[in-house]
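Structures follow.
Two complexes, one shared chain (subunit A), two partners (subunit B, subunit C).
Let's look at the complex of A and B:
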């Protein structure tokens, strides 16, 4: 059995973002980078399946040199090998192009299961996994919060609005996109981090896998206008507490 | 410009986000047609033509079949844009349809200015203008970003549709959220904990502040996912939608799914170290401070009143 998990490296969302000179994306300098949170759940689920079935597990990631850090984490979590699709301009690729790269890599490999995050934290399109599945002609189940695999069938729960879940099954080969809370992603242990250093990490130039052009472009990236916004309080702890209590007394009835 | 609006149906009911779709069509000044896999028993208040497939035959969730139905309608209507809600139904179905139509999809649209869709980036800290380069465009709309002001009761012109497609994905029923003892929807005061509380032990200080204010404590999704709080305390799209007199968001950055669950609160106080956190947009007062020091002090002073 062969499994693929696709991950992305994204900036820490608490970062102070700056818009780049061209005004079309955020400036990549001075940002802390990490594995997309949704993908951590995808990696964990793939590793659990590998441990249960003895399957072979590949992790793929598209981007510049720095994304190897996220890949090393995935390897330390338990993936067998990494495929780094080297692309300095991955940030400007639309979901369609990213999906096409993943599908082009996966097509000849005949993976039984492909895991992705349900979306990335920066673009948040929630498209890449589903598009890749469509390109490969695989059934795709999105937004899963529970996963089981037996005898060529995946049985999952999809998360819907209002805390409701839908029970869904599909035959493999299939692709699933993982929602937060699906499992508890493990922290790589030191011995596993050391072991991961010896694992295969193949680099492929993006040109080998991409033969289509983008379908959409970001014409401008900007900070949203502050909509009037509220009062911002800063300063000494004690003063802040007194000020806030005064405001609550004036504007609400909760302290009456 | 022609739009095809994709309405949703779940557990035997038309979903309210159909109004967002119509509001978008109004704003875009578009002629619109609607698509629904639903039932004649609960029709949208839509003035125009509705292509309706029956959930009895086609299921409420059967994306492969719904895709085929929708593609048939697109071939008839020839829309410039196909519009979904950015919901568990919409984000699931939209890319399948976009791929089949060789259309680009622009997800979670929050605004539409001079014909250009605007979407959030990085947890709503940034926005981007997106220019589509395909003949047809597929959009998914952020919940609540477009809202309908007035609505007169109308009945659509219904044309029933069907497909021989069956698909390989099987739906096996719904599971309702576990109903716990805590009904946040009736609370007058809610103090909610976000990831910024740092560690599970700090739930205690949030609970104490809530108690001092005679309210309940709530939590954001990451806190519930980390099992620092029970799911029945989760505020947001996948938890409870609340409308207290006072909502205090402690260490909550303000993901859209959370904001959707608390935006009807009468008065909002945010306590956060990040001055730029999106919760600031929604807050009447933003206290920029380390909550681990501030909250015990605030609780003490409230109790001393």
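Let's look at the complex of A and C:
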């Protein structure tokens, strides 16, 4: 059995974010980076399945050199090997391109199961897993909070609106996206951190895997404009009504 | 010179911080209030490999050295000074010392259990009338032919009443003065000549058990001697020079925790219509704390690195311990000032940082003893080892 888990490295959400000088994304300098929280659930579930079935587990991550840090954590948690798709401009790529890269890598390898986080903490599109599954022609189950695998069939629970859960089964090969509540990711132990140094971490240039053009472009990233403070009118009721009408006439179109 | 952590070291740092935030912090307030030691947490730390630094893999070592242990100590102490202590009780104290001076049989028998957190370790040096003057200890060990007999009292011993196996230093020949001390590996449990009791009057480190041990004609097996009879003082000084760096790292963590709290509060608290961090007097306090903290970090990391290289480090270790513990007390004290009345409240962590930091000016050689070591080496009277 072959398993793939796809992860992303994201900034620590406690960081102070600044918009980059192009005004299209956040500035990556001075940020602390972590494995995307939802991807930690994906790695944990994949490692649990590997431990149960003896499957071979590959972790893939797209991004600049620094993403190797997140990959090493996945290796220390129990993945067998890493594939780093080297891409300095991964932050510019839309979910469609990212999914296409993952699908292009996965297609010839015939993975039985692919795990991803349900979304990334920075872009938050929640599209990559679904798009990759579609490109690979695989059944896709999103936002899973419970997972079981038996005789080539995946049985999961997924979250629906209003606290309702659905039980879904799918034959493998399949792709699942993982949601908070699925499991508690393990801490990488010190001996495993040291052993992970010896695991294979292959680097591939993104150009080898990207054969589609970008569908979406982020044109502007900005903080929400600060709204002015409210205005509290004081005085007796008659004056207040006059003041209010004047403001509504002068500053709004409500009474124009 | 290389001032950058490896990816692996960063991961260990993150893991320890994560562990402290998720496993220690959530119940810390209640644990502090009730003086609660959580044995299951020591076992958890053991399972994660926290206690296998500077230990060969065949005895459960994790492939890391003093440097990595210092990184762990710093992160744990940022959240709780108490929870840094097990690193010394399980790993840097007994395990590393037995690994250096023990027989193969002793290593196989004791180290793996300490490293896994299955047997709780300790080391007993201090007595009611013997602190800095180690050689004056009154506890005696007498050779009774088929066993050793221990008599005397040890005090301020971390893990005393929860400990299983650990190191006990005792006098075997008074006439030889410091060359008459011997180190023993002793099981505190199931020995009718050994009584332990907790000390409940500590100012801080409430989640770390401290107690006393009384030996009354306590019989211990003949093969309990670590190293040679009469080698105890040398072993003791060697051991303290190691456990000292963990204390220094603990101080670094407490200082860092205090600093983090102070910065957070200075950026948040508003007085006279402005954040208090915009006032120069607060800025000066923060700047002093940051400068001392950064200097302490370099000293602590340097000493730990020297240990891993097998280079002389007593001088650097004592400087790191002295500087980091004094800086931690200063940082915690100024954090209390920045917090104003809230600093004086047990609802906020500032006062705990100060109470816990004070312990580090005392343990593993007081600040005065560190100055004696530093000046002795600086003046050329003693060689750096």
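Side notes on the structure shown:
Note that in this section the second predicted complex is superposed on the first by the 225 of 256 C-alpha atoms of A that agree within 3 Å, B and C clash if a C-alpha of one lies under 4 Å from a C-alpha of the other, contacts with A are read in each partner's own complex, and residues count from 1 in each chain.
Please note the rule applied: a contact is a pair of C-beta atoms (placed from the backbone, for glycine too) under 8 Å apart; a residue touches a chain by one contact, two chains touch by 3 or more.
None of the values given here were measured: they were computed from a predicted structure.
By the touch criterion stated above, A:86 is placed in contact with neither subunit B nor subunit C. Legend: residue contacts after superposition of the two complexes on their common chain; A:206 is shown touching neither subunit B nor subunit C. In the superposition on chain A, contact of A:222 is made with subunit B only, not with subunit C. For subunit A, the partner touching the most residues, choosing from subunit B and subunit C, is B. Touch criterion met: A:73 reaches subunit C, while subunit B stays clear of it.
Of the two partner chains placed around the shared chain by superposition, subunit B is the only one that A:124 touches, whereas subunit C remains out of contact. The residues of subunit A shared by its contacts with subunit B and with subunit C come to none at all. Those residues of subunit A that touch subunit C in the shared complex are 34, 68-69, 72-73, 76, 187-197. Across the complex, subunit B meets subunit A through its residues 10-11, 61, 63-64, 86-89, 91-92, 94-96, 98-100, 103-108, 116, 120-134, 140, 167-177, 188-189, 213-215, 221-222, 224-225, 231, 234, 237-239, 245-246, 253, 266-270, 274-276, 280-281, 283-289, 293-294, 297-298, 301-302, 305.
Those residues of subunit C that touch subunit A in the shared complex are 7-8, 10-12, 14-15, 18-19, 47-50, 52-53, 62-64, 68.
Across the complex, subunit B is touched by residues 11, 13-14, 16-17, 19, 26, 94-96, 119, 121-127, 130-131, 134-135, 139-143, 157-171, 180-181, 214-224, 226-227, 229-234, 237-238, 240-242, 244-245, 247-248, 251-255 of subunit A.
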